[in-house]
Each structure stands twice: as C-alpha cells, then as structure tokens.
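Here's the structure we're looking at; comments come further down.
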Amino acid sequence: MSAAELDYIKPELMACCGAREIRDGDLVIVGTGFPSVAANIAKYTHAPNARMMQESGVYDAQPKRPALSVGDPCLNPGAAFIGSLIDVMGMFLQGGKVDVGFLSGSQVDKYGNINTTVIGDYGNPKSRLPGSGGANPIGLLAKRVLIIALHDKRRLAERVDFITTPGYIDGPGARAKWGLPEDQGPEVIITNKAVLRFDKETKEAYLESYHPGNTVEEILENTPWDLKVAPDVHETPPPTAEELRAIREIIDPMRMITIYLKRGYV
Amino acid sequence: MSAAELDYIKPELMACCGAREIRDGDLVIVGTGFPSVAANIAKYTHAPNARMMQESGVYDAQPKRPALSVGDPCLNPGAAFIGSLIDVMGMFLQGGKVDVGFLSGSQVDKYGNINTTVIGDYGNPKSRLPGSGGANPIGLLAKRVLIIALHDKRRLAERVDFITTPGYIDGPGARAKWGLPEDQGPEVIITNKAVLRFDKETKEAYLESYHPGNTVEEILENTPWDLKVAPDVHETPPPTAEELRAIREIIDPMRMITIYLKRGYV
Amino acid sequence: MSKVMTMKEAIERFVHDGDFLFIGGYICRTPFAAIHEIIRQGKKDLTITRSNAADDFDMLIGAGLVKRFIATFLSLGVYGLGRCFRRSLEKGIPHKIELEEYTNLSLPMMLMAGALGMPFIPVKDMVGSDLLNVKSFMGEDKYKVIVNPFDGTPTLVVPALKPDVAIIHVQQADEHGNAQVWGIEGDCKWGANAAEKVIVTCERIVSREIIGKDPSRTIVPDFRVVAVVEEPFGAHPGYTPGFYDVDFMFGSLYQQASNTEEGFRAFLEEWVYGVEDRTAYIQHYIEKFGYAQFRGLWADFDYSYPVSYAY
Amino acid sequence: MSKVMTMKEAIERFVHDGDFLFIGGYICRTPFAAIHEIIRQGKKDLTITRSNAADDFDMLIGAGLVKRFIATFLSLGVYGLGRCFRRSLEKGIPHKIELEEYTNLSLPMMLMAGALGMPFIPVKDMVGSDLLNVKSFMGEDKYKVIVNPFDGTPTLVVPALKPDVAIIHVQQADEHGNAQVWGIEGDCKWGANAAEKVIVTCERIVSREIIGKDPSRTIVPDFRVVAVVEEPFGAHPGYTPGFYDVDFMFGSLYQQASNTEEGFRAFLEEWVYGVEDRTAYIQHYIEKFGYAQFRGLWADFDYSYPVSYAY
C-alpha cells in the first residue's frame, strides 16, 4: 500500500480529515459525498461504533452503493430505523442526540457562518442557491459541526452574504444570546488546501495544518480575512494505508469520490 | 320480530337512543360497551357510512368479538389504521375531525359537565375515580357529545363535585370564554329513564322523552335539579325490529349488553 | 456491543430509587415482567407516568414504591376500579401518592414534546375543567396560559416531560436495541424517545438483518437503548399482538385479590416475590392453572403480506 | 363509496387555481404523474410546499403555475441546481415567485402542528440566521419570538400550516383511500394529514382486507381522502421502494433540458403536454429509450417477514 499512499487524491485526504474528527460512538448526521465517506472511514478505522443517520428519516442504513442523495433508494433496505423528517430532525437532532453534523456551502466565513441561500442581494439575487434544507438546524443543534469548503476568496469570506446556517454568528457570546450552548458549534473548516480550526476563545477559524503540497503563504493568499496561524502549524498527515483501504475497498470501490476533482477539490 | 320488540331490555333502548343521534358519514370516537353498540347500530341501520375510532390509536376496526377496552386485542386485526394516542387524540380529535364522542361518568350535571375524578373533596376524597383519560378532550373537542348516565339523584347532579370534562360549564357563553366553538358540546344525556336534551339557549338539559314504562313524574323526582320539560315531551320510540336485529344478530350475539342490567340500567 | 441481559440485571443497573419512569403499554404490550422485577427489587420513591394506566401501575402503587404519578387515568377497565390506587388516595395505604393529573391528549403531547426537544407544547384540552384548578408537585409548572402571539387568543401550554428511564415491551428487537412493534401503540414511541435511557423487553430477539428487512416498524433506535431483555409472555396478563391474548381470568384474579390489602399482599407473595423471574412465573401459572389454560392464550396465525424495500 | 378515479378527474375536481398544495415525496414517492397533470390542466396561482423540494417543484415553477412557495430547499441534487427556480428568482422568468423560507426542521414541525390541530409550535432552529430577517407573504406571521412561560427564555414559535390539498404517492391504498407506505417518509404523513383534502396516488390499489392485515402501515385514513388514483410508475423519475429505482438518466435529461428556457419548454411539450396521461408517458418512454431501459428500473425482490396482529 505504500505506493498507493503517495497516490491519494485531495478529496481522499479531505475525507480522512473529516473522519479524524469523529469519535467512537458518535452519532453523525450525514448527507452524501464527503460526509458519508468521512463517517464511513471513521467507522472502518478508529470509530467502529460511530452511527450515521440521514435527515430524510433513516438511521444506520446499509447502502450497497454510495448514496447520491439523503433520500436515495439504497438507504432503505437494511436500515435499522426509517421514520420521517420529524424523527431525525426533531427527535434526534432537536432532541440533542446528534454529536456530529457535516455541512458545506457556497460561502463560509471566519466565524463558520454558512451561506447556501443567495449570492448578492436577497431580493435581487446575483445567484440563487438551494436554501437551508437541513443545514440550519444541523449547524445550530449538532454538538460539533464539520464544514467542507473550497479554498478560495470566493468560497471563503470575511462575512457571508446571507447567514443561512449560523456558526459563531459575530463571535464570542453570540450563540448564547439565542440560548444555544456555548460549547457547541463549528469545529473545523476542511478545505482542499488546509484544516482551519475554530479558536475556543475568539471563535475565529485559524490555520491548524496545511495539506501536503500546499504552503502557509498560498493559504494566506487565498483566504479573504486576516487568517491567524497556529504556533504549531504543521502539515496535515496524509491518509494512512488503513484509511485508503477503507475508502477504496469498502466504501467507494467505484471511485465516485473522483467527481470532487471536477468540482475543483484539487 | 314483533314479539321480540316487546321484549327489549333498557340497555338496548339506550343504545338505540345513542344510535339515533349519529348521522350518516359521522366520525365517532367510541369506548367500549354502549358507545360501541350504539355506533354499530347506526352503521347497520341509517348510517352505513359512519366510521368509528378508539382513542388508543385505532380507526375502522373490524372486531370479531365485542371489545372490552379501547386497547382490546380484537381491535388490531383488520383495522384500517393503527397509530398512536397522538394520532387519534391529536390528529383526529384536536385536529377537529371527530363528529361524535360518547361519554359517561359517575356524576353528570345539568350543564353536561362530567365528573370521573373524585366524589367529595379532591384532596381528601370520599371516593376516588379513574380520572379523565380521554374524556376531557373528547368532551371539549368532539363536535357533538352524547352522555350516558344512570338516572338517580346521586349520578345526576345540580353541579358535579369536580369538572373532569366540561359540558357547558356554567351556562351560556362559558365555552366561548375558553375559545371553544359555541355550537359544539353535549347534545343529550341518555339515561335509563329518559332522554334529556340540551337547550340551545340556556345550555341546560331538559326532558325530551321518557322511556316506555317511565313517567314524567318519576323522572322529575329522580332528577336533582328543577328539570324543564319539553312542551312536546313524548315517549321514547322503542327499538325497531331492524335495530334489535342489528344488536342481536350482528353486533352482540353473545348478549354482553346484559351486563348493564347488573349495573342498574333497568 | 450486545445489550442483552436478564431482567434482574437490567432493573438493577438502570432503574434507581427516585427515578422518573415512563412505562409503556396500553393493555397491549404492558411490560409486566419488568414491573414485577421492580417490585422484587423494591426500587422506591419512583415517579411514574403513562396515559391510561391499569393493573401494572396499581400494583406498583400498592407495593408502596410510587411517590409521584403523572396521570391521566387509572382503572382496571372491565375488571373494575384500581383498588390500590384508591386505597392510597382515599386512605393513605400504604401511603398517599402525589398525583399530577392530565388527559390522554395533553400527556402524550408532553411526552412527544420531550422526545422532540421542544420546551413546551400548546394543547386545546383541559380548559374550563377543574384539572386546571388542582396542582400538585409540578406546582405552577403544571401548565401556563399564554397569549397566542399570532392571534391574541389565550392558549394553554404544557411542559415537555423527560423521564429518566423508559421501559417498553415490544414484539421484537435486535441485540443492540432496535425495537419493533405493530398494532396498538399507545404513547410508547414518544414516551420511550422522551426518556434518557430505554429498557426494551421483547417477545423475541431477532437479528439485525431481520430488523433491516422492515425498518419502518422500528420505533426506538438502538442508540437510545441501554438494555434488551428477551422475555416471552412478558406482557402477561396483558397481550402482545401476534403472540397472545389478554388473560381475562388472571386480570380478574388480580382485581379480586387487590380488593383487600391482605389479598393484594398474598397476590404479590405468590406471583411476584414467590417467583424469581418470568420463567418461574409461567411455570407456576402452568402448574396452577394447567397447560391448556396457558395454551389457550396463544395467538392464532393471521399473517400480513410481506413488502419489499428494494430498488 | 369508491373514490377511485383517473388522474385527470382527480386534478380537475380537487385542485383549483389559487390552492395551497402540499406535495409529498423526497425523491422517494414523488407524485410526478399528478404534477404533470396539474401542468397539463394549467392550474395557476398555486402556493406549494414541502421540505426539500426537487425537480417536480422546479417544473411547476418553470411552467408558471406557482405564485408562492413555502420552502426549505430546492435543488436537483446530484444533477445540479434547479434552473427554473433560479430563472424565476434571478430573472423573473416566467415570473418571480414569492418565497417564504424555513428549514427541514421548522417546516415539518409546522405541518405536524397543522395535522395535530395546534395553533403554533416552538422550534430551536433558525435563531441567529438571516432566515429571521427575510419575510415575504407571511409577513409578521412567519414566526414570533415569545418568552417561554416556564423559564423566561426567548423562544421561537412558528405557525401551523394547513394546506387546502395534499397530493401524495404511496405504495398501496384501498379504494376508500387508506394509504400505506414503507421506507423513507419525508414529511408525507404530517403534510397529508394537515391538509383539508388528500389526493392519494398509488402504485397499486389493494383490497380493504389487505390494508387490514397490516394497519400500522397506514399513514392516511380513508376519511381524509377525496380521490384515489392507481398510477403505476407514478413517481418516475423518482422511485418507490419495492417498485422501482430512481431513473438517473431521465433526471439528468430534465436537468439538461431545463438549463435553457427553450429546452425546458421542449421537455414539457414532449413529456407533459405531448402525452395525455401516465400510460402514454410510459409508452413514449419505452418507444424512445427501449423496453430494456424501462425494465432496468424495476426493483429487485427482497421481501420482509410477515407479522401477525392476531390474538
């Protein structure tokens, strides 16, 4: 596997970064793509008791092909529980049972606020996006939120055009004003260049590690705010043989993850 | 059947009085005993499209024996819908879909208020009764409420010791104060001696008809309030051959209805 | 990661003095084996709740284990009134329980609110009744009347309930706790999911694969469950759809016994303290009433049509 | 009292210009045959709602029939963004729809509140987001912030939704309308039961006896239903568990067509206006893409174990 190790693609590394945030026994609400791959890597490596659910109402699905949506047919046969949106979004998420939620967005800002609603003016949009879906409640109610983003000055923002899903809103204390637990919220932004982690005090994302092949300078140039750099900033550990084996042999033998290359995750 | 007609028992007459209050197409929430027999008489005679539900979560059950409780095993096989208490009490009843509810109680007063909680002082009861169960919401939220009671000065009351289930509370306008529709509430009290109907204006129960064998005088003597008598007071029409056939051949061939004789319904 | 254990172990480990218990069932799927084990272990100062309580709650009250009861109703139904319940409230025997009374609409809504992480829930019942005039241990938090912010009308709201432990009896569960039921549900799903921990007792333990053949039947997912106990006839003298009928003879026997304190104590001696578990209980039943009586309770065969979730 | 009728009749009789429609589905069981018939009949000024909308909502918007949309999300998922939705909001083509935006927690809760006769319902989402800063046709009634009367904290409440008509596609129903589903439910049960009238379209009509063999599968009882339409492949290009898979080829075809106004209009001409009903649609599908492609969508066999409700 050592040759293959050198051979990984960025989306694989990003999925591994997500997987490493998941602890054994975590309940993870996943969508499709990255989140699903990441949660499964964790399950097949260090977190065998992690369990996944989809907002559509499915818990512990046993898909025989990668799900292409949270309502995908392959999520039905073999699941442990299939209920309704109310069951997953109400009973499990609003009920405080979900440990980890994955989110992505067209814009993500330094406080982890996410925009999936509109680019430009809401009433007169430059670009209209899908809207919240389950993102807003997942961002507010999951204990730890992992954000996936493309690393450029268009996707990362000092301040998003529209807060669809609050991260730390405008900084320390803002979540508490709304009765949200202070110890919940975004953990990391995993980009195609780096892992940004949120500072417990300032609630701002800082550079924790740069991916192999990327540099701190390049990352600072491509981040539209004055990105703080961790004193112990380091290279992101590449995927391990075990992680790559889980991806390639078990989770995604058809290599559907390669579609992220076309979407710019290089 | 003409000989049988002379032969009916009081509980059969009372069930027929209940049946006659049910209109074709009504949705009826029933318990066991009288309500169930009455609703079924209606279904097998003038109201073939009446439909029944039990508060336990069952709609359109097809019991092969008379149900002895609203959770009886015989209500399961063949029903059209089985859900939860929330489905029947919330979705159907609170949702405003139930036309008719049947209630009974240890005490019933002239405004149709019902006590199934306590005789005597609440904190220091002479006799503790089961409590509301589904009675309170059925009384408040079914469009028409039919009350079954024994006709004596202990069971009928000027004012119940405890309002478990409000009828018209303390008279005209009282339900509206709580946001309840003025045109809903108790329709009749069907006793073993008479049918008392509620006056649309005063909201007080008056004597509409006396059962064959009972007299107005006897009824007035056994009613603890100054019972008004309808100008056209008349004898309750006895069960028809068709009604008796439905009871005896279809609904209750084992004659379980006779247990009401032992309970004083004579 | 199997959570399968004996009833003794499940109750020892997960039910504590002073706990707030939701106990499922509605004549249908009453977790009677668990109730008996709680009595054997003498767990005390319990707060208990369910809509439409019956003989199981009466027995816990008679055994002196209940401090508080969030209630809608307690009756033995066709057998008559709950005698232990009455003795407690009328005469303080063995002690007077504290009672907070709601209805079969508001209490299930409060459990649903608890399960769904809602702080409170608006309901349309109870208004105009004396249920609003009596308040016990919940005090001013029994309910509130607020102004509907949309139309200005007065609106009753009741608080969410979050029991410490839920105990439910189901037809089948896997070893992790995925629990499946069919037929009358009562307030089982919401009550179980409102609780911090769930004890699942079941007629049969099945494989995870069987659960996955029909996942829409699951009402509690495994991650809510702390113990799985396989307990055939665990709901007797209540019933379980597809498994056995109500035992009217036995229900009536309890009613008659519980008519007096002495009778009630003798009943507990014989059927609870005198047997170590449900197996011994059924053994005693068969010895006393005969196998034919026991066999007579078994359900007929009347199977549904299978469905497929495939694509 | 059969309510069985053709899709044409059901839509003619029960969907009117200006109606507020809940349309069920979640890729799973999308009532596409009904959507096409609504477009054929040109029902206009509609208000539409469901959590997680997709190609069916995009098509109604593109066809110019939607005035208002109570939304959480609209995307074609794996195929990309909803182009008609974007053209409407970005360029006013064919006109700009009015949008009221919630989330996949709050909107299902609002439908549940509607179904349960609740005036409003507290939710924990949306706070701190710009979703609270944009209000459209619901105005100040989009939500309210009240004081939790139990603990004094600010609490968001959202109003109950009560659509005029719900349209859902299910696996099976009887002629009276008792509708059964299994697999992913989305917000179908609550959305349907919140509506004044329900139109049930189904893969197969079964006897009342078959419904009664497994009544826990019923999500809508007959008395809520005004029309039952037997429409095999009624959810295509979506899927129905146990019946057929998603048609990715066709989903992609729609996405590509809808990239331009012209392409979208040509798609409607070919697949909606150009066929008179679902039978003609499937006929055209088979003629165009071949029976093998059609046959490839059919579901595998993988049946559940039967259960019994007997006693």
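By letter and in written order, the chains are A, B, C and D; residue numbering begins at 1 in each of them.
Going forward, a residue touches a chain if its C-beta (ideal position, glycine included) is under 8 Å from a C-beta of that chain, and two chains touch if they have at least 3 such contacts.
For clarity, every value in this text was computed on a predicted model and none was experimentally measured.
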| item | value |
| --- | --- |
| Shared chain contacts [chain C and chain D, defined touch] | A, B |
| Centroid comparison with chain D (C-alpha atoms), farthest chain | B |
| Rounded Å distance between chain A and chain C, as computed from the means of their C-alpha atoms | 41 |
| Chain A and chain D, separation of their C-alpha mean positions in angstrom | 29 |
| Intercentroid distance (Cα basis), chain B paired with chain A, Å | 59 |
| Set of chain C residues in contact with two or more other chains | 109, 116-118, 123-124, 153, 155, 182-183, 185, 213, 215-216, 239, 241, 245-246, 302, 308-311 |
| Residues of chain B touching at least two other chains | 58, 73, 76-77, 82-83, 86, 90, 93-94, 141 |
| Chain pairs in mutual contact under the definition given at the outset | A-C, A-D, B-C, B-D, C-D |
| Residues of chain A touching chain D in the complex | 32, 55-58, 68-73, 75-77, 82-86, 89-90, 93-94, 117, 122, 125-137, 140-141, 162-166, 169, 174-175, 177-180 |
| Chain B-touching residues of chain D, taken from the complex the two chains share | 1, 115-118, 174, 176, 178, 193, 208-209, 211-213, 215-216, 218, 221-224, 308-311 |
| Complex contact set, residues of chain D against chain C | 109, 116-124, 141, 144, 146, 148-151, 153, 155, 157, 159, 171, 181-183, 185, 210, 213-217, 239, 241-242, 244-246, 299-311 |
| Complex interface listing, chain A residues touching chain C | 27, 49, 51, 58-60, 62, 73-74, 76-83, 86, 90-97, 141 |
| Residues of chain D defined as touching chain A within the complex | 26-28, 51-52, 71-75, 77-78, 81-82, 85-86, 89-90, 101-106, 108-109, 112, 123-131, 134, 153-155, 182-190, 239, 241, 245-246, 248, 302 |
